[in-house]
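Shared chain: chain A. Partners: chain B in the first complex, chain C in the second.
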Partner chain A sequence: MSAVVSDAETRPRAAEGRAPDVFRPGGWVPMRRYSENEPVDFAIVGTGCGGSVLAARLAEAGHSVVAFDAGAFYRPLEDFASDEREQEKLYWLDERISGGADPLEFGSNNSGKAVGGTTVHFQMVALRWRPEWFKARSLLGYGHDWPVDWREMWHYYDLAEDAMKIAGPVRYPWGPPRGRYPYREHELSASALVLARGCEALGTAWAPTPTASLSAPRGLAHPCVYRGFCKIGCATNAKQSMLVTFVPRALAAGAEIRDLAMVGRIETGRDGRVTGVRYHRSGAWRLQKARAVIVAGYSIETPRLLLHSACPAHPDGLANSSGLVGTNLMVHSNHAVWGVMEEEIRWYKGPPSLAVCERWNYDDDKDFDGGYAFMSQGPLPTDFATALVSNEGVFGHRLRRWMGHYNHMAGLKIVGETQARDENRVELSEETDALGLPVPKVTFGYCDNDRRLFTHAQRFMRAVLDAAGGRDLYETADTAHLMGGCRMGVDPASSVVNADGRSWDIDNLFVCDGSLFPTGGGVNPSLTIVANSLRIAERIKALARRGEIG
Partner chain B sequence: MDEKPFETPYPGYDVLAKWDGPSWNDATRRVVADRLENVPPRRFLGEAEYRLLRSVIETILPQPERSEAARIPVEAFVDAMLWNNEGSGTRYADAPPPREAWRRGLAAIAAEAERRHGRSFETLTAEERHALLAAIDAGETDPAAWEGLHPRRFFRHVLLKEAVKIYYAHPLAWNEIGFGGPAAPRGYVRLGPDMRDPWEAEEVRPPQALEGAP
Partner chain C sequence: MAFSTRTQPSDSHPAPCHGSPPGQTRTSRPAPSRRQPETAPATLVRATGGGLALAVAGGALLGARGGRPSRAARLAGLGAALLAGSVLADSAMEHSRANFRERRMYAAPLVAGATVAAGVATALSRASAGPRRLVFRGAALTGLAGTVFHFRNILSRPGGLSFNNLFYRAPFGAPGALVLAGGLGLGALAAEEREPRAAGRALGLLGAGGLFGLTAEVGLLHFRGAFQNPAMYAPVTAVPATGLALAAATLRPSPARLRLARGALALTSVLGLVGTGFHAYGVSRGNGGWRNWTQNLFQGPPVAAPPSLAGIALGGFAALRLLAPGRRG
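Entry: the complex of A and B
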């Protein structure tokens, strides 16, 4: 499909000492090259919120770093079309077997395949966690505690927000006081004002959403032009994805990035320690030696790679003496309420979720554990139509008439916390993909608490949308985001890695991405993954300084 | 069932009129030109399967106001998707892979038509075709015809979903719903309710009344 735009998906671009300059059409930046046979300090698998942040911070500290990504290295200004179908090239579309009582949908919902990872098509909502969530078990009575203090995370949130120049409001109504956001908030769109009007009618607080899209110039990138295609790739570079933030930083600091490079196995020595990664690029399997490996492939690919790298010293997969690799996979329930407004909304304009209500993350007078945020919506035509037909089964002239209301629609959608459960997990199937790698098999089901949460949310959002003047309301169900699968913790028996992301079993193997989350929280995960990665980068640098890694 | 045809609130709006303007970049022009000029030939489905698919598509997304040359050829892009064996990233554990699901699902629709009417789906009236698909969506089906395929899941999550993904990715569909269409590098200036930039569709008449929630 995308061959009409460029050959980014078929020919590696980051090669021969140069990599694409994401800020200039046809441009290049110099890139350091490392030999495959000389061990580098760190081989990093993945370049999303985990991998690109570590690549940048470790290279800036003087380490030799090679980061691998299975996806293409795009220049958004020339490679991204204003077209939903074409931009499916940003999704991880390799087959995954999805089972369980409530099987998950992958691809656009939660899985990216590009340098920059899933952030290339994320929704840019940049919310901090409620402090108590980091000690959910001790303070709120559900889930698991994080092995991290919220005040430490708060510090790294400051750094993450600055690195991504988050545009946010002067006063945010929930949680502890925070400093000013680096950039001013965006103008509210009509769809955001629907949320505001409904919340105000019910006496509930709302806020302009802190958003990872520029509200003022930054370097060569212009402010957001409110084009509205954010979720399928920003073609103007206003969106602060990893592709235009930490990836260029990593390259400038001397990291090498290898695009279209699928890591299939982590190699181990006779002592059981890791020695490098085997990866597929340009039609051949290759080996990169490394003193340490950091896995940052997100909640499906990270467990898949660890499990598939089983060896005599680690017969159940790497880092898996607890048997927990792949377990406790979480998503966010993504239930929504939609309605027709009297006025024209034209929700295709601007970042889709410019207003947010976090009341039910902070108010504990409710019949479920965990929390949810809900936000205003702005789906593009096929995104909206697929939710309508798959949830409601509308077809015929009636479908076209419904779609005729596209410019009058408004919607509210949650990011709802689901509970961590052992049985929701990633395993390897018996089937193999085109590269001979085992196809992952994912099992997922909601528990009663999850159902109470989204039932509560739909009731509340219905009241908000009704109060805002919405008519002909209807509901849809979906999921978004992935978290968990390689929980971090304080005990080798009940976690895969420690607070540094370091495997309890193998001292030169780390995990750093959303799979570390012990619990999911009721907000979009990207900002927290970036903050946690910035924290882990400091920990790894400290370990390296003390000579405790290689 | 309701056969009141669709009427666009935006007559006269044409996103393609912005082709050479600042709302379209080269990447988008290449993608949309390819979609308009290179309608894929039938390569995967058999002739009979393809005829049936087209009839199903015309029931799901009827386009009575368009000539044969002007209609959005959804079935051609379904066939191309199957020919290219394009993945969606998800294969449900209890469902066959996409190619097999489409073949089996289409055969099941044909079998349901024969069972209920003793005729092929394509020869049924529009009302009969609509009622048949509604019955499939309601699960009023013959299990033997579906060979383990879940009728509603096939109808909604495979057939309807793919059909609307193709239909509403076409400039004619963007026109009829008043979508701004491609918007890079120029985006929008006026974001508020009932506000419209000069390069957005003008609502000439209100959208048709709905009979309550879907």
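Entry: the complex of A and C
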């Protein structure tokens, strides 16, 4: 087992006026420094799809910005090993209490801890939402409406796709017409061809998946070499994570990034407005003053921070007059069907999900609300072996025999929309972590509609895999992604923030990440979070121009 | 409601399994297919270079005797050799990458090698036209058959005639270069044997057709590369313009049109050379750059492709010579 010798997790790298240059081994880029005692325009908590996008856009507009991340500032070219265990360093594995009828597991599938956030190990699937989902309650009769028109989101999808140079198909079979993807689709892998073959046999449309991995050079980043370690951190920079897109942009525009900096509390003044953030870095608690705070910690850490920042003016936590902070937590059900193919597949090669079928996102002739997309799969060997051991209990010779099929396996997995429900939520527990912060308590359970959805999906995927020539089919259940927890909306009583991500209660407190989602949609959320963040950046810039913040 | 504390990472697909586990119903695994080329990249490059050198030397030897051909025949013969050389290098690398999975995949580099020799010989001497004609006809036929095979390869995958298959399966236009090489060779022989204007018209139209075909192929592949470098627009604008100029001069060879076509062809030849440099730069932009040439030479833009532009341009020059009033080849 290889391990990379790196000080990324022990010593802040973004310090003393410089930050790692992710494109050059050993290189540095200059970084602007801001005083802790002089309030900056924006303190941003988190540097994923929400935080890094806002840091870049607000700094580019001339604002003073400091963005904090609890994780390390990695150099992908040097710090990322082709080793699944080593790369667990990218997951948020801090203690969380998980319960409910269907307790969630945290880490590889839903939580990242690094500058660049979860995108450093996301699967790069970059799908747009079905337009009707933004008005799911009004048009489809379930969930909650977004306070945003789909056409506006469509505009920001264009910008997000260009910023990440999404490699997508020339023609996409679902949804309204879209412009050309900035880069062309990747060649289909053998595992993607299994999906394609199965779908064609059943007369169902399929498409090459729009993917956030380069299919042509971009600046100092090389095109994808299909080595297939995408999900544990791309070591060649082909993957367009926030770490190699918006974070460098933010730095170039004059934002300061503080890595290994865990924000524990948002400070408030006597008037109840926020005044800065208290964060832990290099063994000490410190205070950064700010005229406005943007929380972008994703669906567990954002509610946790808001709840933990309760003060006399806001005894139930910040932005929580509705009592909704932490509620309506959603995941995607991640049910799958697997099978053995006669031909060699080698599914670990290339981005794992290069073919997609969105039929059941757009076809409403079904027995459940919401939708699902399903994609081809390519788990790495340890991941696959671990799943075999934990699911089937096989070991020793039997495990070895199972693993003998590894290069002939194919699988289909859904990203299935679950319903937003008040009882699925994040709260603070009595326990505290090493920094003395309350450990979050997460409650999750599926509802009947969710179960109808994944039952439908497994039946359909079984038919597809069977039609593609798969044998010895078997099924697994899992979850991926997090959404909700700080819903945006049009009414202070039924949402945490407004369409600008601005708290209804505190005018200089914003939330911008996946926790804003009122409904989950049946596609991977990252592209939508980036698009929504680009939209919110414009709204915040407009507010600032009018002098309405701080 | 029971709560449990977790500090372990999740797996990508834990939880319950239903159905029969593969390990229980299958005891032996199918034999792995052999997808990796057996030839080491360095050996392949040496073999390709050696083959090319051998073909040129053979052509020179064959052309050592016999009368000196006309300038038009020399140009067209060289054009045929250059095009065939490009096909030899490109097909040797690409078919080797596919591990010469089918025996007929050897035909492209072998026939291209013979065409190089015949082209060089034709450029040097007028002797033994018969065997050379046979080689050039063989090249054209091989190219046509190759086009059929490449289209079958494209259509055999899910998606059929889709962009994904046009981008990444056997390139539909590549065998056309062998058809063109054979055509230019036959044109070179015709320049010696037939009425110059008729030979010039045939060569001119063939060259123009070749340029349009090449535009389609380059256009598709540069589109696949998202025109990420503005220089990628150069061939897709200059080449069809040259094709138009050549066609116009062929159909009505006025002095002005001939001049324009000559200028355009000169530009296209330069583009062929500069393009090779750009493609070499493109290889350097793959992961690991030229240090990782054993992968990037295959993954990056084909270094051997742009010289074919210069090959077609030479054929065009030959046509213009034959078409110019008062010229005798």
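FYI, the second predicted complex is superposed on the first by the 545 of 550 C-alpha atoms of A that agree within 3 Å, B and C clash if a C-alpha of one lies under 4 Å from a C-alpha of the other, contacts with A are read in each partner's own complex, and residues count from 1 in each chain.
Following the convention adopted for this analysis, a contact is a pair of C-beta atoms (placed from the backbone, for glycine too) under 8 Å apart; a residue touches a chain by one contact, two chains touch by 3 or more.
Because the structure is predicted, anything quoted here is derived from the model rather than measured.
Q: First (chain B), second (chain C), both or neither: which does A:Val464 touch?
A: neither
Q: In the superposed arrangement, which partner chain does A:Phe229 touch: chain B (first), chain C (second), both, or neither?
A: Only chain B; A:Phe229 stays clear of chain C.
Q: Scan A:Lys413 for contacts with chain B and chain C and give back first, second, both or neither.
A: Once the two structures are laid over each other on A, A:Lys413 reaches chain C alone.
Q: Who does A:Pro381 touch here: chain B (first), chain C (second), both, or neither?
A: first
Q: Looking at A:Leu127 after the superposition, I want to know if it touches chain B, chain C, both of them or none. Which is it: first, second, both, neither?
A: After superposing on A, A:Leu127 lies clear of both chain B and chain C.
Q: Is A:Ala56 contacted by the first partner chain B, the second partner chain C, both or neither?
A: So A:Ala56 meets neither chain B nor chain C here.
Q: Contact-wise, after the overlay, does A:Ala373 reach chain B, chain C, both or neither (first, second, both, neither)?
A: neither
Q: One more residue to check, A:Leu305. First (chain B), second (chain C), both or neither?
A: After superposing on A, A:Leu305 lies clear of both chain B and chain C.
Q: Which partner chains sit in contact with A:Leu93 here, chain B, chain C, both or neither? Use first/second/both/neither.
A: both
Q: Can you list the residues of chain A that touch chain B in one structure and chain C in the other?
A: Overlap of chain B and chain C footprints on chain A: residues 91, 93-100, 103, 105-108, 187-188, 193, 225, 236, 340, 343-344, 386, 390-392, 394, 398-399, 401-402, 404-405, 407-408, 441, 472-474.
Q: So in the complex, which bits of chain A are touching chain B?
A: 1, 4-6, 78-86, 91-100, 103-108, 111, 187-190, 193, 224-229, 235-236, 340-341, 343-346, 348-350, 380-382, 385-386, 388-408, 441, 472-474
Q: Residue numbers of chain A touching chain C in their complex, please.
A: My answer: residues 88, 91, 93-101, 103, 105-110, 169-171, 182-185, 187-188, 193, 196-197, 199-200, 206, 208, 215-218, 222-223, 225, 231, 236, 238, 334, 336, 338-340, 342-344, 379, 383, 386-387, 390-392, 394, 398-399, 401-402, 404-405, 407-409, 411, 413, 431, 439, 441, 443, 471-478.
Q: Touching chain A in the complex: which residues of chain B?
A: It is residues 1-9, 23-28, 30-32, 34-35, 59-62, 86-94, 97, 130, 133, 137, 152, 155-157, 160-161, 163-169, 173-174, 176-189, 191-196, 200-201, 203, 207-208, 210, 212-214 of chain B that touch chain A.
Q: In their complex, what parts of chain C are in touch with chain A?
A: Contacts found on chain C: 1-23, 25-27, 29-30, 32-33, 35, 157-159, 163-164, 167-168, 223-226, 228-229, 282, 285-288, 295, 299.
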